[in-house]
Every structure is written in structure tokens, then in C-alpha cells.
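Think of it as A, B, C and D in the order they're written, each chain with its own count starting at 1.
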Amino acid sequence: MPTINEKLTEEIRTQAKALLANGTVAAVIGYSRGSLPMTVKPTVVRTAEDCGKLVWNSFCVLNLANYLPEVLKSVEPPRGPRDPKPEGPLAKVAVLATGCWSRNIVVQTQEHQVDPERVVVMGVASRGMVSRRKVEEQFAGREILTVEELDHDLVVKGADFEEKINRWSLVRDNCQTCTHPDPVLVDVRIGEPASERKNPNPFQQVDEIEGKSSEERWAWFTSEFSTCIRCYACRNACPLCYCPTCFVDDAKPQWVGKSLDAVDTGLFHLLRAYHCAGRCTDCGACESVCPMGINMRMLTKKLNKDVLNLYGVEAGMQPGSPLPLTTYATNDPQKFIVTEAKAVKEGV
Amino acid sequence: MISYLPYPVRINEIKVETEDGNLKTFKLVFENEAQRKAWKHVPGQFAMLSLAGQGEIPIGIASSPTEEGHLLFTVNRAGKVTTALHQMHTGERMGVRGPLGNGFPIDTDMKGKNIVIIAGGFAVTTLRATLIYLMEHRQDYGKITFIYGARTPGMLLYQDELQEWAKRDDVDLHITVDREAPGWDGLVGFVPTIAGQVAPSPGNSVALICGPPIMIKFTMPPLEKIGWTDDQVYLSLENRMKCGEGVCCHCNVGPTLVCKDGPVFTRTQVKKLPVEY
Amino acid sequence: MTSETNMTSETNETAPWEPKIIAFLCTWCSYAGADLAGVSRFQYPPNIRIVKVPCSGRVSENMILSALKSGADGILVSGCHPGDCHFISGNMFARRRFPLLSNLLEFVGIEPGRVSFSWVSASEGEQFAEIVKTVTERVKALGPATRLIKKIDQAA
Amino acid sequence: MKVFRLSQTELDSMVQGWSQNRRVYRPAAGRQQSAQADCAPGWERVAGSSPLTVATGPSKTSVKTFLFPQPETMQTYTLKSSDPDKGLLKEPEKTTGKQIIVGLRPCDARSVKLNNLPFREDPFYQASLARTVMVGFTCNTMCATCFCDQMGGSPMGTEGLDIAISQVDGTMIAEVLTPAGEELIADLSLTPAEDSDINALAERRKDCPQADSAKLDALKSRDLNKLYGAPVWQALGESCINCGACTFNCPTCYCFDVQDEVVRGQGRRIRYWDSCMFPLYSLHTTGHNPRGQKMQRTRNRFMHKLKYFPDRYGPFSCVGCGRCVQDCPVNIDIREVIHDLLAVE
């Protein structure tokens, strides 16, 4: 009896093969098997024969939308920076997408990074991706040699142990609190659609931090980001980060110092998160790729909460409408504005 | 042991070289007499110009070792440090670290040979140093041909000196500009074209070529046509650099470090490298 | 812009602490408002250092954080009233962005009141003076800024 | 060479003794929630009396942070106009006093030797090296990501260490290998190892995977341009996201950038880790970038480790610690890259 993931893998291979074989797309962005337990390699498949490489499992934590603009470019005929756009339709690219990844494709479309006409979304409903870090923490000090995935459990094996653990308990925090597991765009459906998840409070972790005093929050912030090594994996894994020159690389003026200074590191994370405001889909790629295990997602999650509360928008959920920070309403809240009337009233 | 500490120098004189004001020559004098005496460089080497609070930049040394007592650097305003440098005044302090790199083979491969110098744009700086050195040691070298082109007459560097050199009969000088310009009665045409017309035969000769990549690319065919080989042609590469001492790896072109193994390479050497410059 | 060198310690170290507040003022309204406050002799605390910007929409998070990093005790961003923007809607976009930034800063432990925003028109000299008083009092109550300020260590 | 027998208690009290008047660092246990203020991420300063144990495999972050600190002050200066020394760069105050690194693995110790090749004339690295004493633990087991034996090291290797501590059948055997190591134990009364201990250690060393680089050494003789043009780079470059997780956790990546920092009139010039994965690394001021494409940067890193560095200095610039394999967000595995390159004719 094949597992859910085996069935999905088979379906992905069949569909990808068909798309490539009949010339609908020139490339498929998916995952292939990794060299270590709990890893997968993002892979671009360009021939029907190579589709057998594609896999699907609970460790597909990187957001494939990240690769989309570049792969789209790679299937265009080569041209210089000043050459005109070639005539006629350009080749298409298929990409696997779960709920959050598809929302990122929507954001990329809204920001004109991706031409939606050229994208074939192979929609997979996400069952929640497993956090490799959570699994490793369960087996602290013991080396994990294989992890086998069943429908609802993981079988973790080492040199001298074998344990079966419930899968959901190891699913990433962002997936556990996710309410939109099903893709918002689907051109080719893989597996069954999932219904919206009810979550009484997706922002619980944020609320907990907000409940602290200013001193406690500062202590949390400085401690959480103190292990950062400035490798920028969080930035580079993010499908929202595509600026040709990142603000950390600006020299005139230089906004952020580049060494391991606590303030510079803090500023980097604050600014990176802020640049994702109104655009972040909480896909969790940043947190999953961090080699030091920093929970930088708390910052973007906080911004997501504010954007939802202030402007009623969740990124990527309304393909037709503009992004929340590229538009405005005449009656936007402005309680934060200092007025002289307030000065008199507060009498500070 | 490497020292990353720049020598303190003062700006003695600033000369605006070109009509667009983007190129200035800085005459630097050492604050410390012992350091001045210890400084020895060969034409083609570079140094790190250091501005406290801004950073360091690798710039070719425009003065010849024979011009004692000061160093000259002609700097194009482009990035953070060069912009700050262009805003400095005479008398202000800065730093120089070097000399760095290998320089042209003035004592080895060039000795006793005919020298052809081909320069385009502001890449002429280290070649100015070379020409002055050669003229000071005139008897050690054969025929000297100096070909130098700029976009417009106003973009030619070292104009006073060019006039001086033109008066000499032991240097074959060819100055050209890209297009006809009012008041210009010299050569008109791109450097490769002029080089094809005036370059001597390759027998017992070496060529030093510095300029934009596109110029170098088009200068080679006319030279090859009259028999020049890659071994006879010296080029100067540039890449982003940080340490200048072959440690930090920024300037690598394949296994070669431009700052340490170069910046001067024969064309044969360059051709063996990946095109990462 | 706000280079780190700007906030040099030329001030007298022994004098009682007075906050330094960086005010990013839109040139069309708030800067003119500040001008009017001066011309009309409305007194306001001398703690603000004005940076003139073309529009409150031009003030980026980079500028605000750079100012904090360089040691500003407070920040005031002020632009035209909604509807009055010289560029039609610059301040409307700013109004969407600013609460997100100030909330985020509070979220990581920057004290509320360090970063303030206001609308001041060219005719509101008195109001400008009042707002500067409010903001200065607030920052004074918080004391010198200690968080997110870059310090460098001179040893290797 | 002196060889001693140690119990856990003796080891603990020895390390605590050192920490009384010297800075002693050890790998942080488990995932570090918060880095210590005076210590690089992934490491902690030994204080108090917690027993010294080190998890299997290399530490989370490499030992290079102690020899090639991130950042390192190169010069200091003032920009205050009132100061006659305005703009004059000066050598920074030298850090003095020994630092003792306890619990590093043979791979990391070997990386210190390898980095010493490009840094042999570097005053800062040499100064750090001179004041660092390394007390390493050899490995009884190799992790699935370890491949030190293939890169010319060995899990029981001692190269680069001052004291090597090995676990043999429940006892610890300390080999004191250098004068710096001897200085550390000079005032201690330790139990000399029995001949049987020494034999058991030699036996263990003989049985463990040996440095065997014959297969990989074949790479060194391959033509540079053929490797450069190998088909493997295209796919690798496509999946690489060009972050610096590999380079910053790599013990043998040693590139640095130099920058000036000024705060309130006081300035310093620092060097800090850079990564050839970043576009800024090779960007010219003109806007031209010799390695403008992602693939070119990915290629440069592997070519540097496996071809450019050996061409220049001899050995590969890799010790097989496996950190990049573990930390790569997209599972680029250097062992697979080597495998693919060996297939290039």
C-alpha cells in the first residue's frame, strides 16, 4: 500500500512528464532526493526522462517560488540587456506549489517579477512540512541515519535506535498555524484539495512576545539574534528578496555594518523583515534554512499580524488586488500620529 | 610579514586632469622621511590608497620611480572612496599602502628591446610611469612607440607632458582621439586602428597594452596580422581587491591572484585563465 | 545622508543630558511649518535636528534605523496632512508603512515614544512647536537611548 | 611526547584550573539559544564546574573564529578635527594572554594548519595562532557527513593539536604534542599512561579510517579548464541560493572583506568574513561583475577548494568536516561534487 507521499510523488512525475513531453512547459521546478535524511534538493527538470528524479515528502521546506523568476529567464532565448523582448509567446515553466508558495507566486505576479501566463502551477495541498530541527532536537546527541515517512508517523533510525514519532508533532510552527494549506492558484492539481484550516489564533506566538514588557522583549530580541552568523541564508531562501543590490550591500550610504556586531545584525533582521511587510506568506523558508536555528520568522509574523489587523490583507490571497503597502485608503487608521491635541490631553 | 598599516602621506597637489572633472591627479608626499626612502616601486605596480573612515582602493602608481620625493595617482571618481578622495584638499592626510603587485618587466623581458606602449582612456596612468622610466634609462631600451587615445582631446591625461614628449625625437608618440574635435589637429581614430597603422614589426619588441577590454580585444588582431605573438604582449588586469597581498582571495581569476601574481600578465598567461576579470 | 560621523561627541560631556531628536520634515509642509514657528517666535525645545526630505513618503525605514543606530534618542517624522501631499499620495503610503515600523520596533523592545510621527502643515507653526514639545518631553521621560545603538570597540 | 591517563574528573578539574587565569572555550552544547557576549556563536567560555563532554562530530561552528575573528580590528583612528592625529591609522591594541580551545575535533585542528598556508605572512593570524592552544578530542566514530579520511585527515589525527585526548575503552588518554601543550600541564601531577594504554591507542589509531587521498588526488592533476567547463556546474548553480551558510561554517574558507566603521568620531578598520557566494564579492565599481551569475559563484567556491587552492598551496582546502553538507539549505553535497568532477575526463 503506497503512502500518501509516494502517491503524490508518482502523480507529480506523471504530470511533469506529460507537461514536458507535450511541450506545454520547458522546465519543471520540483524536488529530488537529498543526500542526507530529511533533506531534498530543489531541482529543475528539463526533459521527460528526468522526471523520475522528482520526489515529494514532508521535508520540502524551501519555497520553490524562489526559483521561478530565474528559471523563467533561463528558458527564454538568450539576449543582451538592451535587446528587445522576442516576439511571440515565451516558453512556460511548471512549478510545484503548496498554499504559501502559490501565494508567493501571486505576490511575484503583483510585483511584476513573474508573468502568470508563463507559469503552470502544479498545486499540491500541503500537509505541513516537518522541521528537521525539531526532529534533531528530539534525538539530541544521537545521529539520525535514516528517516522513513509513513502517512502519519516518522520512523527515525540511528545506529542503535529506531523510533516511531507522530508526524504532526514535528511539523514546523508556521505550518501548524497555517490556515491556507491549499494553493490559491492551481493549473494542474496534484492529489486532493485540502479545506481551509480553522485556527483560533494563528498569531499565538506573536501574542506571547507582545505580552512581555519592553525590557523582556529587548532581551528576547538580543538573545534570539545573537547567534546569527550573517550568512544571509534567510534572505536568499526568501522568494520576496530579489533586489539586484540588497540594502546590506549599499555603500553610499551604508545602512548596516557587515560584521557580527549585535546592533548591525539586529538591524539587518529588522530591515529584512520589514521589507517583507504585506508580502510575506509565512512559508517558513527563512527559519528552515537558518544554520543557527534562529526564529527570525517571529518578526515577519508580527508584521503579518499588523497588516491583517490594520489593512485586512493576507499576502497573496487576492490575486487581482494590489499589495497592501502599494496602495492606501483615505480612512486608513492613524491613531499613531502625534497631534498637539493629544499633547494637551496627555499632559506629559 | 605583511603589514596592512598604510604609510601616512599628505596631499601636496591636486590637478584636475580632464574636462569632465572626473579624473584628478593627486601628488602625495610621505610624512615620514624613513618611509619615503624605503619606498621602492617599479612601473606597473599599484598601491592601496587609504582614507580613514572610507576605506582602501587599489590604484596604479602614475609616477615613475625616477620621480623621487612624491607619488602620483590619477583617480577616476567612481565609488565611495574615490568620491571622498575627490572631495579632499591639499594638505590633508591620507594613507598609502604598497607598492603591490609585480609591475612591468622593465629589468627583464623589456631590457634592450623595442617597446610599444598602447594606452586607452585613463588606463594610461601606469604607462605614464613606464614611459618616464624608459626615457630616464633611454640607453637600455630600443625604439619606443607610445600610442595613446582618448574619447576627446579634453579627456587626454597629462596634456602638458604629452606636449613635452612630442618634442623629443627618441620617442615615437601617437596621440589620437575618437572623433574630430574643434581645435584638434592630431590623429583621429580608435586606438586599434592607429595601432595597426603605426605599430612596428614585432622583431625584438614587447608591447604593453592597458585600456578598456573592448580596446584590447580589437587591438590584438592588427598586431597579430603583422606577426606579434601573445608572449610579447603584456596586459594589466584589474579585479576587486581588498588586501592587495594575496590573502583575501577577492581578485582571483581561477587560481591566479591578480594582486600578487599580477596585475601584469603576458597575453599567453591571460589566455590560460578562465574569463573572470 | 545620516553618516555615523554626523553625531560626533562635540557636546560637553559634563552637561546634563539633553535628548537628540532627529526630525525628518517634509519640505512642503512640516519644514515650512517649522519655519513659520521660527518666524512667529513660537518657542520649542532645541533638541531637534532637522533633516529636510522631499516627502514623508520618502522617509525609509533605513533612515530611521540608521538614526537610531547612530545614537539618536528620538525620531520625529512629519509630513503634510492626508490629502495635502504635494505629490498627491506620498503621505498616504507613509501612513500605511509607519505604524508597521513603529510596532515592529516596539515588538523588539524599543521603548514606545522613541519614534513618533505627525502631520504639520505649512500654516501650523504653533502646532509644530507643540508637537516638538510633546515629543521632546516623551523622549526625556524615557531617558537616553540605549538600545540599537552601535558602539565600536577599539581593541583587536 | 608525553602521554597521560585521565579520568573525567581529572579532565574537568584540569580544564577548570586553566580557566582560572586564561580564557578557555569549548563548543556550546546542543543548539545554542543565545550566544555569549564575549564569545563567538556556537562556542562558550568555560566557567563553573560543568563536566566537559563533547557531542559526536565537529562543533556547530568552526574553530576559525578564534584565529580569524569575525570581525578583527586592523587599525584604529580618530576623525575628530581637534586631534592632530586625525586620519592617522594606528595599529590596534594587541590582545594578549593565551586562549585555550578545548574539545575541537581533528578536522578543525587540521583546518588551522591549512589556513596557515595563505595566512603564513599575515600578522593577525600569526598573532592569534601564537596565543592559541588547542586541546582536541579525537573521534571514535565518524558521522554520516564526515569524510576527513578522504581529504587527507583522519578521525584519530593529531595534526595541528597541542594536546589530543582520545577515548580508549572507557579511559581517556592525553597525548601532549607540543611545547605549548606541555606548558599547560607543567604544574599538574597527571598519571603517566601505561604501556598498555599506549598500545591500545596505537591499535585504535591503526584500525580507524586512514588518511587516504589517493582517489581525490587524481583531481589535482586534472586540467583546470576542463574542470571549469564541467557540466555539473549548471545544475548546481541552478539550485544554489548563494547564501553563505557553507562558507561561514566552513573551517577552511578564509576570504575576508575590509571596511571602515566610524562611531562618534572614533573609527576602526576591520576585516570580516566574506563569501565568494555573494555578488558583491567580485563586483567592480563600474558595475561589471566577473562572476555575475549564480552558477559562476558556486563554481568558484568548489573550484577554489578542490583546484585553485591545491594548485597554489598543495593540499585541498577542505578537511571533510561535513558542516557544509549539513547546513546547506538546498543540500549541495561537496562529496557528490567531487564525485562528479572525478568523472570529468
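The definition used in the following text is that a contact is a pair of C-beta atoms (placed from the backbone, for glycine too) under 8 Å apart; a residue touches a chain by one contact, two chains touch by 3 or more.
Owing to the predicted nature of the structure, the values given are computational and were not obtained by experimental measurement.
With centres computed as the average of Cα coordinates, no chain lies farther from subunit A than B. Inter-chain spacing, taken between the CA centroids of subunit A and subunit C, is 34 Å.
Per-chain Cα centroids separate subunit B from subunit D by 39 Å.
Centre-to-centre spacing of subunit A and subunit B amounts to 50 Å, using the average Cα coordinate of each chain. Note: centroid distance subunit A to subunit D, computed from Cα atoms, is 32 Å. The multi-chain contact residues of subunit C, meaning those touching 2 or more other chains, are 3, 5, 150-152.
Residue positions 257, 261 of subunit A each touch two or more of the other chains.
Under the contact definition stated at the top, the residues of subunit D that touch 2 or more other chains are 79, 257, 259, 261-262, 267. Under the touch rule stated earlier, the contacting chain pairs are A-B, A-C, A-D, B-D, C-D.
Of all residues in subunit D, only 72-73, 76, 79-80, 92-95, 124, 261-268 touch subunit C in the complex they form.
Residues of subunit B that touch subunit A in their complex: 79-80, 83.
Against subunit A, in their complex, subunit C makes its touches with residues 1-3, 61-62, 65-66, 69, 76, 82-83, 89, 92-93, 95-112, 116-119, 126-127, 130-131, 133-135, 137-138, 141, 147-152.
Of all the residues in subunit A, the ones that touch subunit B in their complex are 251-252. Within the complex formed with subunit D, the residues of subunit C that make contact are 3-5, 7-9, 70-71, 150-156.
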